[in-house]
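Chain IDs A, B and C follow the sequence of writing; residue 1 opens each chain.
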Amino acid sequence: MSLFDALSVSASGMSAQRTRAELLTENLANAETTRTPEGGPYRRKDAVFATDYGVSPFASVFEAQTGDGAGGGLAGVGVADITVDNREPERRYQPGHPDADAEGYVAFPRINPAEDMVDLMGAARGYEANVAAVAAVKDMIQHSIDLFH
Amino acid sequence: MSFPLTLISQAPAIAPEPIAPEPIALDSTSTPEGTFHGVMESAIQGVTSSQNASSQATERFLAGEGGDLHTTILAAQRATLSFDLFLQVRNKVVSAYQEIMRMQV
Amino acid sequence: MLDGLASHIEHYMDLLSVRQKLVASNIANADTPGYKTRDIDFQQEFQSAIGNEPPAVIEAPGLKIKNDGNNVSMDRESRLLAENALRFQVATELMRSEIQTLRSAIQEGSGS
């Protein structure tokens, strides 16, 4: 039940949102990448968030284990998986393009930049919210310490 | 005039017997609560128990388990206040004792 | 020492801490699919005042569920974040005042 645990939870939130932001930035930067070391066009990546109950080194084992509901345990967050979009890439007709196939089609990544841009803003907002939580909790801890005086 | 003599002859019968001082037991189980010793004893126990509670809370905080920071701090404050009170009471008692000892009998 | 009012203030601070931890969890999981906002029934927990059990964590009622099953409202969590912090600050000041009063009472008796 310690406030320090809340700091770990918020830190996990910041971490997860940052990972998500990094992936989205990568998507945006590679929206037109037709050539990758693995072969083929760039494939969109996304982060899958999942609740992580083991985030705090401060938490007692008991608290971490009675995580869901009963003990009010620490519901931090983690990136459970990074999914790669395995759909068929988008094919555009550009016969002059160096990566064009025999019929003149080039395989482009399936990325909608507008969508990823909005998601990126969402990740930034989520990150900021976690930063605000850290500040608020830090204040509370500071006020607790003032009880000494 | 014979009246005083009658009283004097009856004197041994009505003279009060000297009262033996009550022995002060050193273990708390046999000390009656109302006595000074009993009061000091329970005060000491109070201070000790709040000191223990504070030590335990601090240990738990250091080990990283249980309790918020404010719980730990308040336990420490309780121990400090208990001890301060005990100290003041003791000082009062000591100075009262000294004053009594200074009295002319 | 510090019973009565002071122990109620301490209980209040305990509950605020738990609540703030849940708010932090909700904010961290604002984008987690399927996550449901968690809270405690503050009023009820404070009234029942049985200090030593941890308060019961419940699902916050009345929140809109988004497409991915998540129902965290950032507005609600931001508001609670600020409110809990301020209430905690007030409680701290009240507690300090109690401690100070007690300390003065103890020390008034000295030096006479």
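Simple rule for what comes next: a residue touches a chain if its C-beta (ideal position, glycine included) is under 8 Å from a C-beta of that chain, and two chains touch if they have at least 3 such contacts.
Being a predicted model, the structure only gives us computed values, none of them experimental.
Measuring from the average of all protein CA coordinates, the nearest chain centre is that of C. Looking at which two chains touch through the most C-beta pairs, you get A-C. In whole angstrom, the spacing between the mean C-alpha positions of chain A and chain C is 29. In this assembly, the C-alpha centroid of chain B lies 40 Å from the C-alpha centroid of chain C. Inter-chain spacing, taken between the CA centroids of chain A and chain B, is 65 Å.
In chain C, the positions touching at least two other chains are 13-14, 17, 92, 95, 99. Shared interface positions of chain A, defined as residues touching 2 or more other chains, are 1-3, 144, 147.
Contact of a single residue of chain B with at least two other chains is seen at positions 68, 70, 74, 77. The part of chain C that touches chain B in the complex is made up of residues 1-2, 6, 10, 13-14, 17, 92, 95, 99, 102-103, 106-107, 109-110.
By the touch criterion given at the top, residues 1-3, 5-7, 9-10, 12-13, 16-17, 20, 48-51, 69-72, 74-77, 122-123, 125-126, 129-130, 132-133, 136-137, 139-140, 143-144, 146-147, 149 of chain A touch chain C in their complex.
Here chain B touches chain C in the complex through residues 50, 68, 70-71, 74, 77-78, 81-82, 84-85, 88, 91-92, going by the rule given at the top. Per the touch definition, chain B reaches chain A in the complex via residues 64-70, 73-74, 76-77. Chain contact summary for the complex, chain C toward chain A: residues 13-14, 16-18, 20-33, 35, 38, 40, 54-55, 57, 74, 77-78, 81-82, 84-85, 88-89, 92, 95-96, 99.
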